[in-house]
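In the two complexes that follow, chain A is the common piece, with chain B as its partner first and chain C second.
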Partner chain A sequence: MRRGKYPFIIGFLIVPVALYCTFVVAAYLQTFQLSLSSWSGLGPIEYVGFDNFTKLWHDELFWKSIRHNIFLLVLLPIVTIILAMVFAFLLNVGGGHRGGTTRGVWGSKVYRVIFFFPQLLALAIVAVIFGRVFGPDKSGMLNGLFPESWKPWLFLADERYAMLCILIVLIWQAVGFYVVLFSAGMGSIPAEIYEAAALDGATRITLFFRITIPLLWNTVQVAWVYLGIAAFDAFALVNIMTVDRGGPNGASSVLSLMIYRNAFEFSQAGYASALGVVLFFLTLTFAALTLRVTRRDSVEA
Partner chain B sequence: MTEIFTQPAVDRRTLLRRAAAVGLLATPAVGMLSACVGSGSDDSDQEQATGTKSADNPLGIDPKAGVEIVIFNGGLGTAYATDVDTPLFNKKWPDAKITYSATEQISTVIQPRINAGNPPDMINNSGSNLMDFGAIVKAGQAAELTDLFAAPSLDIAGKTVAETLVPGAIEQGTYNGKPYAVNYSYTVFGLWYNKALFAKNNWTIPTTWADFTALCDKIKAAGITPFGYAGANASYYMVRALLTSAGKIGTEQVLKDIDNLKPGAWQADAIKQAAQAWGEIGNKYINKTFLGLKHTEVQLQQNQDKVAFYPCGSWLENEQAKDTPPGFEYAIAAYPSVTASDKLPATAINAAAGEIYFAAAKGKNPQGGKEYLRTMLSKEAALGFTKLTKSLTVVAGASDGVTISPGLTSANEAVTKAGKDIFMGYLFDTWYKKLDDESRGAVNDLMFKGGDAQKFCDRMEKASQAVAADSSITKFTRS
Partner chain C sequence: MTNLTSSPGTEALPVVKETKSAGRKPEAKREVKAFTGLAHIALFAWALVTAGPLIWVLLASFKSNTEIFLGKPFALPEHFSLDTYFDAWGEAHIGRYFLNSVIVVLISTAGTMLFGSMAAYVLARYKFFGNRFIYYLFVSGLAFPTFMALAPLFYILKNMGLLGTYTGLVLVYIAYSLPFTVFFLAAFFKTLPYEIEEAATVDGASHTRKFFQIMMPMAKSGLVSITIFNIVGQWNQYLLPVVIMTGPGAESKYLLTQGIANISTSAGYHAEWSTLFAALTLSILPMIVVYAIFQRQIQAGLTAGAVK
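Up next, the complex of A and B:
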């Protein structure tokens, strides 16, 4: 068995590693290479040093987009995790315990399925649906629900709220998955702990804060990383839903959209690559920070 | 898949690291999306099909070589290619197999193939996802069409292809003196309205700005939004309306200056007056919610007689065909004169050849691609195209005397009335996509947020000079 170990491992690894090198590593190296050029996306490549990065530094839209990505990075994980945690708690423990087992609120099995539904829809479909929900005139779902005398809310067409609308859709789409994730986590918390606490007279709120959250902390951290990464993307929603894609006046622009538009619409593949490099380092920083935080955490534990 | 998160056997840090890797994967990598970078220019010596030139085969195509065509599937549909052009091509060249495909995402589908040195032979570069044609020309990826335009027309005896086209048709696809594109459809731009609705209310089409605003007041009083366009994705219709007015005030030279990125071009009086006049319309007569609507939504409202005037090109009637209720009669009006001293008359219109079709220079059969274009430019194909799409073509007079639809008849009349006062408009929107993008945001601000003409001019002037100063953008000029 031992003799066959290495060929066995190599046999397993060669295909994924080759794919990874071709489609991720090579593509990244090329992005770094192109970020130093003024390549239009077609034809010969001309190198211009760090010109693209200087241009980035002075590009208002770039800073706006970064701000929007950070807005998502801060709010998307927090709100999604809190909501998912509350729902998961209600579904699993919220019904109190009877006959020696804790259970969720009435009908929790049905809710669990319903919560997961948004996850099954393709993002493009979600974007189109919410485009109608946020419709700026009376044909929009929300505006249709408002009293007749109200002036229609512009939602996505209003520079102040465009990004908020995107955030809401992202949360709506993500919550279901994290409800399931947290439910699984809660399922693995021994029932005796809840029982003991309940016998000591703990209320549901105490149970949630003193038992569920501490024992679920690891899962929460995983959720944080995933949601943080989702916050760096948001491309599909912004591209489909917003006014003038990323507008009005850049009010909903994000980095991924800027990359796409520069590469494929403005014939500025070099500039787009420079944006890609920035996004690469942002993602890397985020991942490194998260890992650093969790390391300290595990030392303390 | 969720249980892996709860199994204590899985090291959490490994998991996080893995999650971080997923994030890196998800980060768009331009290098990969655009496929083999630059390889297209290296191995350009791929074998290309040719045949012997003769009177019957002026472009010297190989009668047996296949031709691959890609058509944009949009407002014009694709039936003209499959049901008219391809059968016509095969009638003359029965052994040349046409490989046909259609897409709504031209740049996503075609650009990687061009970069890989494997482009289709004839490409319809159109739609919101079209490729930057200026960049394609600069990269040497579009075949020069001089021989096509000099070749005899397929079915108009005694004339070359060039001689059968409307004035300006070739110029529009000419880059630095050489033709590279056939702009096939002939689009008439103006204010579209429902002729039946206007007749019912005794509303007459205005020719002066005072008449226009007076009529708008009447329309508003009737509970109909006088004017509208879709801010979410079709603000460039409004850009065209504004610049057409500017062109009428100060002739096409105003627009040429804009195209040539001349300093101060956007600060010209004609632009300012046009922006002022339209900003007024925006302040008083537009429905502010349109900023968040898409073009189909506003067009539908017009079909429901909730919007009176809509600025658009002559593709509108066909695009809305299935939503147009019986009794709704599309008609087009020229934009009213802004001032009494406009240099062009009120009947002047902006009409332009549009819809780029080009033969790829580095495909397998560029001559075949050109022959396909020659087929499209025959009178028979042009008439077929007009019948199917309700759009005129650049083949002059191909549909004269044929009644096809009210909108088309109206557009034809507008062209006749305008006579020599037809101008092609501007090209900066295809030359400099970034400037195009800026104009959309600026016109939305003008029309929906206060109508500040000076702000519009300043913003566009700044954007125009930024493009002029950017050495990574290929510049073009026109005269």
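Up next, the complex of A and C:
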């Protein structure tokens, strides 16, 4: 029966595995190798031990970038999940109940379609749009909306607000996706549970906190991981939208941008790889922490 | 719509009266009404926040530079002319970038689906030495951020002479899409029934034939979801093209995301904002059309990854 099994298996696996090993596995392995070298991208590779990491430790921009990544890592999931949760709840349960069933608000389908759309736009295009929305003069959308007498806000050109602008754009794009995701989750919660609670006189707020959130906890955790990964990226936004790419004065620099610029603009392939290694361990820590939290919560629930 | 930062109605959820259990009927009714009203306000506000910037881009694409600098972002343009669109299409090469993106994504998604489903199928349904190792090799790719390996990837492509070529870009797209595709489809293939496959074996169908004529059609719903997922993901890719499509003469090979970013930079130098807005509109409109047609499938496809 299993005649010709091995030729078939090899035939099916050889191309995908070869592609994957050449462009993905090899690249990741070389990152670790190059992180111990002072390679500029040309000529022979010289190994310098952990020099790159010592240099990192004293690099002010590196610490700034880490702080910015952590800023996004904490706030992006929290704000996005709260907003998406509330909107999803309003869409699904907001319409009151008639004949014993809880309904969504009127027009909930239209809302869902509109909310989701930004998810389809490339982050690069979103970055170009919001670069103009945050324009520092009257041509920017927000400054155009402000009263005539106000002095134009600088937004991205202001060191204090640059990261906040980036956070807002990421939230703007992400919320709709999670509204749809949570809506799907809420749809699978049996209506009887809501009915029973409503019969007992539970208000909407109680329903939300006592029934919806606990039953959606798994989806929330998935959302947390996804948003965390997005927070580590943000390259397109920072590269396209910000002043001086990561500026002003490093106020919006993130790790991904540092890797890109060191590798391709400052001819520091070794240093860029060292940054890559740091990023790898940060991601790993984030994943481990998330798993840890997951386990504890599932015990509590 | 005055302030993007306002998070409409999140914390302002109505703290409706829970007291007074006597005469609950009218109370409850009023509560529902108030709640529904506030729900509508919050939802409508977020819809405005979502659509506002896009509407603004559309309006501004018809305006002259002077009009744009007047403020009043949501005023209608003085006159409608398509000149800015011709500029964006011709001088700014939006048409070409768009076509480039379409070609690259068509080929790379097709390749991803073919190789991804082949690998996933074998890994999900055949026992052999090294199966688990290869599977985990693929899946571990999910844990690594793409830009971690940028520098080595660049030099790998350079050594192979693939820098600045669509071949290189397509191969890299496929390679980096494989982890999720294999992960998702392997789980999917595992759920398919074994009986039909066994019947086909008894009838003498070869392994290859079973895959293409029996398993692929049975896996259609999973394949559709993951195809949409890959199309959207690859269409929106910015980092990889920026790294790979470099070198002499690369500008004519730019993809849409790269091209738009490029136009945005040069628009800043020449203060040709309306051309930029027209270019943006041209790149958003097809997405809206596609979304309008395939709305349900797209939402299902993109969220499928998260539900798994």
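Assume the second predicted complex is superposed on the first by the 274 of 301 C-alpha atoms of A that agree within 3 Å, B and C clash if a C-alpha of one lies under 4 Å from a C-alpha of the other, contacts with A are read in each partner's own complex, and residues count from 1 in each chain.
The rule is short, and it goes like this: a residue touches a chain if its C-beta (ideal position, glycine included) is under 8 Å from a C-beta of that chain, and two chains touch if they have at least 3 such contacts.
This structure is a prediction, so every number in the text was calculated from the model and none was measured.
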Touching A:S38 in the superposition: chain B (first), chain C (second), both, neither? first
Counting only touches as set out at the top, which of chain B and chain C does A:V74 meet: first, second, both, neither? neither
In the superposed arrangement, does A:W172 touch chain B (first), chain C (second), both or neither? second
By the touch definition at the top of the document, which applies to A:V113: first (chain B), second (chain C), both, or neither? second
Thinking of the overlay built on chain A, is A:G144 touched by chain B (first), by chain C (second), by both, or by neither? second
Contact-wise, after the overlay, does A:F232 reach chain B, chain C, both or neither (first, second, both, neither)? both
Is A:Q221 contacted by the first partner chain B, the second partner chain C, both or neither? first
For A:V293 in the superposed arrangement: first (chain B), second (chain C), both or neither? neither
Chain B or chain C: which reaches more residues on chain A? C
Classify the contacts of A:F266 with the two partner chains as first (chain B alone), second (chain C alone), both, or neither. first
What residues on chain A does chain C touch that chain B touches too? 23-24, 26-28, 30-31, 34, 41, 137, 139, 180-181, 184, 219, 222, 226, 229, 232-233, 235, 256, 259-260, 263-264, 269, 272-273, 276, 279-280, 283-284, 287
Which positions of chain B touch chain A when the two form their complex? 2-3, 5-6, 12-13, 15-17, 19-20, 22-34, 37-38, 40-41, 107-108, 111, 114-115, 129, 132, 134-136, 138-141, 231-233, 235, 287-293, 297, 433-434, 437, 440-441, 444-445, 470-474
So in the complex, which bits of chain A are touching chain B? 23-24, 26-31, 33-34, 38-45, 48, 51, 55, 134-137, 139, 152, 154-157, 180-181, 184-185, 187-188, 218-219, 221-222, 225-226, 228-229, 232-233, 235, 242-245, 247-250, 256, 259-261, 263-273, 276, 279-280, 283-284, 286-287, 290-291, 294-295, 298
Per the contact definition, I'd like the list of chain C residues that touch chain A in the complex. 1-5, 7, 9-10, 13, 15-16, 18, 21, 24, 31-33, 35-36, 39-40, 42-43, 46-47, 49-54, 56-57, 60, 68-74, 115-116, 118-119, 121-123, 126, 128, 134, 137-138, 141, 143-145, 147-156, 171-172, 174-176, 178-179, 182, 201, 206-208, 211, 232, 235-239, 242-243, 246, 256-258, 260-261, 263-264, 273, 276-277, 280, 283-284, 287-288, 291, 295, 298-299, 302-303, 306-307
Give the list of chain A residues in touch with chain C in this complex. 1, 4-6, 8-9, 11-13, 15-17, 19-20, 22-28, 30-31, 34, 41, 79, 82-83, 86-87, 90-91, 94-97, 105-107, 111-125, 127-133, 137-139, 141-145, 148, 164, 168, 172, 175-177, 180-181, 184, 201, 203-205, 219, 222-223, 226, 229, 232-233, 235-236, 239-240, 256, 259-260, 263-264, 269, 272-273, 276-277, 279-280, 283-284, 287
